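Before any comments, here is the structure.
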Amino acid sequence: MRTEQITLNGDRHVTLTAYLLGTGGEFFGIDRRPAMLVIPGGGYHFCSDREADPVALPYLAAGYHAFILRYSLNEQAAWPNPLDDYDAAMDLILKHADDWRVDADRIAVVGFSAGGHLAACAATMARHRPSAAILGYPVIDGACVNDYLPGAPDAAEAVDDRTCPCFVFATRTDNLVPVENSLHMVNALCAHDIAFESHIYGYGGHGLTTGITAINYPGYSARYANWVKDSIAWLEDVLGGLSVRGETPPAFGPRLNGNRDETLNIDCTIACLKKSPEAVRAIAELVPQKDVFKDAPSAAGHVIRLSDSLRYAGVPDETLNALNERLQTIPNDRRTDK
Amino acid sequence: MRTEQITLNGDRHVTLTAYLLGTGGEFFGIDRRPAMLVIPGGGYHFCSDREADPVALPYLAAGYHAFILRYSLNEQAAWPNPLDDYDAAMDLILKHADDWRVDADRIAVVGFSAGGHLAACAATMARHRPSAAILGYPVIDGACVNDYLPGAPDAAEAVDDRTCPCFVFATRTDNLVPVENSLHMVNALCAHDIAFESHIYGYGGHGLTTGITAINYPGYSARYANWVKDSIAWLEDVLGGLSVRGETPPAFGPRLNGNRDETLNIDCTIACLKKSPEAVRAIAELVPQKDVFKDAPSAAGHVIRLSDSLRYAGVPDETLNALNERLQTIPNDRRTDK
Amino acid sequence: MRTEQITLNGDRHVTLTAYLLGTGGEFFGIDRRPAMLVIPGGGYHFCSDREADPVALPYLAAGYHAFILRYSLNEQAAWPNPLDDYDAAMDLILKHADDWRVDADRIAVVGFSAGGHLAACAATMARHRPSAAILGYPVIDGACVNDYLPGAPDAAEAVDDRTCPCFVFATRTDNLVPVENSLHMVNALCAHDIAFESHIYGYGGHGLTTGITAINYPGYSARYANWVKDSIAWLEDVLGGLSVRGETPPAFGPRLNGNRDETLNIDCTIACLKKSPEAVRAIAELVPQKDVFKDAPSAAGHVIRLSDSLRYAGVPDETLNALNERLQTIPNDRRTDK
Amino acid sequence: MRTEQITLNGDRHVTLTAYLLGTGGEFFGIDRRPAMLVIPGGGYHFCSDREADPVALPYLAAGYHAFILRYSLNEQAAWPNPLDDYDAAMDLILKHADDWRVDADRIAVVGFSAGGHLAACAATMARHRPSAAILGYPVIDGACVNDYLPGAPDAAEAVDDRTCPCFVFATRTDNLVPVENSLHMVNALCAHDIAFESHIYGYGGHGLTTGITAINYPGYSARYANWVKDSIAWLEDVLGGLSVRGETPPAFGPRLNGNRDETLNIDCTIACLKKSPEAVRAIAELVPQKDVFKDAPSAAGHVIRLSDSLRYAGVPDETLNALNERLQTIPNDRRTDK
């Protein structure tokens, strides 16, 4: 493992620490590696060592290159300085991607508390959006953000269609950053159909980092520490994995249904398709045997995909394919209600 | 293990299946056992076998007696019939508590989908509230409820101060009952400071029950199955455990802070205490060395407890105790803002 | 789940308890289920309740039918009465296999302490050998067996070529049945190339059953409890799994190499093939480019399979197949040295 | 994390890589850390990168400093050169213990294959014995050792009373280093009452290192990867843990019983005490109510400790203490039969 310590901005004391694993040779098939950029917390007043190396290490153990960003603090942190620091780090990583054998399409971030705010901003508004973001007991809400860095934005309000998949975790009894921050982020992700996973553990205070007992006072739910391995498994769901035969594709796609695609298609919900008379006609014509609009109850109809409904009714694959091709000729004016 | 099959309501085909474990004898120290009441889903149209025995079994393996409630369906399900069925089951269990060696103070429910709706209603409005509720991909929202059982209530709106601790889990890509149902429940629990834990897994369709591959089509995040053991660990956090020396107390209390207690106290948040001039005076008098109100930023101040702030500042325990006694003489007019 | 309580032998108080899960219907694809026969311990003086239901339950939760055998004890236990009880239980299960939807090819046993002795005897000398055996802190050695049931056999000495795959676990600090018993069984399995898995946990006394804290005094390694889920995963390796599309095949074969097959083949070790001049000629003829006998060091040569050596050297599959066909014409006079 | 690359022996290309974690500061209570010395395998012909960084990382994540030893190979490896390299590494680590904040009493080794041979030799014959050794699919037996490094010793034969606790793991179907090597080591540890834990997984070839799929071809039991976290938990059992309040003591002692202590005591087995007429008299005198020698069956009597037997019989603690003091006046002529 090679270590590099790079100054990104001397005036603002911004540094990037790089931990770079081997590739090729005995690591057959591993020509490049995904990367994890760690953003420690500390209320924009310090960068916590407890949320730096201890966090980088399990991702390194899982085969990720790891980077630690120490960003602008206190008087140097006037927004958007920290976000610029993040983008500067990404600029550098991308510039060295060939050198460092980084897979530029699989760079994730993990941030905690105020660093979770910065990671959430990276996910929603950076020049270089990460491929996935892990947000640990993040500061999200405007009012709470304002306590730590006046002028910095509410990250939940910034969620848009281009926001990357997010893994959000916290403890319900966080006694410094209220768990509502995490819930607001999750609610916003859900409203925009951004892929997410969320774990709110029953008990535990603020700043538990990886949950190993070596660096925490007792008094939290033991399963809290699961977020580490769960986040690694989730990254594999979202970004794909590493294997001796090279990288493997993600197991799952990002969207719940086709409602936000450019054109209509059979993975749109019935509720969405119902609004297009042309779609309704196409369905009636190609699948006369099943009145999908009649059977779907109103609310549940909002989420049932046409494909699920027709497969359940035994409609054969060729019919589904033909219908899909027909529906794809109809522009989707981006109805986003699910 | 003894099995009993009891008809609770012949006209409505309501039954309770009891699986009763041994107590005493070689099970030294286990004089009574906690119980889990399983409420399968099925859209109030059927009671799914996949959410009956397979769910009861891991709780039995963990030392719980288990009961399965098959409640009123279809035309017999007019609300509140299913809730009455639940209460009838509880009446019976409580009546037989001595017989069956059930610890009446530790009866939890677990429900799925429509059964999750019924379990959530039990948690929020039953005659016999359970001690804890586990809600699996539940139907919660009024509109969604209306698709399955018109006239039945929105369970999130019913959350009150007496609602029992809840463990809520779902998959984000549930393609039948939208994950928003679970999020709404979690948001409501959070707003009322009811103890909760929540796991929203990234991928998976509806009705995955315990997540064992034997009863599910492939295509969901492997960690989904963790909810089973996590819920068992959470129950021990909330209700306490079983040991050869008898039952052990819960590891954690239900409330995040003292803001909802009868009187003020040192576990109230600083933001809460600030509203009471009498409390402000008491603090200034007993802890002159620390101006807690000055240091607390506005939003974060909403959740920082006085006790945390003073302990962090090194105030000795005797002072804390004296201050607590003084604060407890001040009635809390139930300000519930955190 | 149906429960049946059957008397196998009234005079000797031998009973079989059957816990039978549902099949078909909502359990799509599950037409039959594998079964686990639980044999509790108790020094042939009693059948421990702690090793009965608590053990059956996790296998039920994993989708196995479960049976509990309470066998002949004390003066009724004169060998081979307990083994006859086991065979009577198997007779009954096999007779009811259609009825109870048991997959007759996947009936495993799990036994503890003296019950582990009986399970090991079932694996090595019963009329109806099980498909797999799980042996928990078993009594194995003649001297130790003699303390509990004089006249009963040493199970390790009985290991033969037909012995089923075995999963053996114990704690090193067992203060009643020495861990040497487990090691002797493992050594015997290894010597006969019988598939096995073995976990000896660092700390813990005798009789810890499933390792849940509810039924054990504290003072043992927490990972002890892993044997339960590990044994379930191992059974799937060995016997295959259950899925909604029916049973799946085992992931792995029983033998380490081809040395005990009827004829020679490319999965024999190089050391084994070297003893057959005919095999040596065939290899030289078909793979002239690689002198496998020259490169193989003496001891390691004992376990390297010809197939591994040739694949590593880049020999193409067609050549391997041709060589295999040729080797299979040579009878293997059952040299069993590896 | 600081990295240092140190040449231990330039002529023989022996190096030590040090990965040093932070102590003090935000790592409250962690003044020193335990260390893990990683010894990669490679048949004494190379040092595998797959068994270097990927192994160091999970121990770093658990809070250990990590070191990687690249030792003498090929013509430079004539025994005892590799063992001398190990001792040179330990010399250096101990010399820098204050500097590097290493707890000199908690330095463990982990070695694989040929590196497992070297680690086992360290455990049994080095100048600086480690505090614990983890042996992964080790080469142990003389004949097998001879294939890789003629003249190097059989490590199992070297097990003595001072051998450190060992954690031994392998796969049964290792097709390069036969699993018998691991079993022989375990048998030897058991015979000398050295603390051990052992996991033999059912399926998998040689050289699986940490078991992450990124660096292994498919085709092994998924639970293989558990050895990593299990070894970390076992180290905590054996060496004690790390906490924010400093290091915690080991949970368990090294010996099964008192049979190898300097004097007799109540933790000696009944079989051991029976050989001392003086002990027999002392027991009869102080505990007249219980004839421990009569009740103990011959073989099981070999392992039952007097303390267990008397506690089970309800003998009060004061009596036990008095008896212990009396027995401790009797020298133990090191009868080592259990």
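So that you can tell them apart, the chains are marked A, B, C and D in the order they are listed, and the count of residues begins at 1 in each.
Rule of thumb we're sticking to: a contact is a pair of C-beta atoms (placed from the backbone, for glycine too) under 8 Å apart; a residue touches a chain by one contact, two chains touch by 3 or more.
All values derive from a computational prediction rather than experimental measurement.
Shared contact partners of subunit A and subunit D are absent.
Between subunit C and subunit D, two chains of identical sequence, the interface residue sets overlap for the most part, with shared numbers making up over half of the total.
Centre-to-centre separation of subunit C and subunit D, using mean CA positions: 28 Å. Subunit A and subunit C have Cα centroids separated by 44 Å.
For subunit C, no residue reaches two or more other chains under the stated contact definition.
Taken together, the touching pairs link the chains into one ring where each has two partners. If you check each pair of chains against the touch rule, the ones that pass are A-B, A-D, B-C, C-D. Contact residues of subunit B toward subunit A in the complex are 141, 143-144, 146-148, 165, 167, 172-180, 183, 186-187, 190, 195-203, 221-223, 226, 230, 233-234, 237-238, 251-252, 256-257, 297-305, 308, 338. Here subunit D touches subunit A in the complex through residues 1, 3, 19, 21-22, 25-27, 30, 48-50, 53-54, 56-58, 60-63, 210, 212-217, 241-244, going by the rule given at the top.
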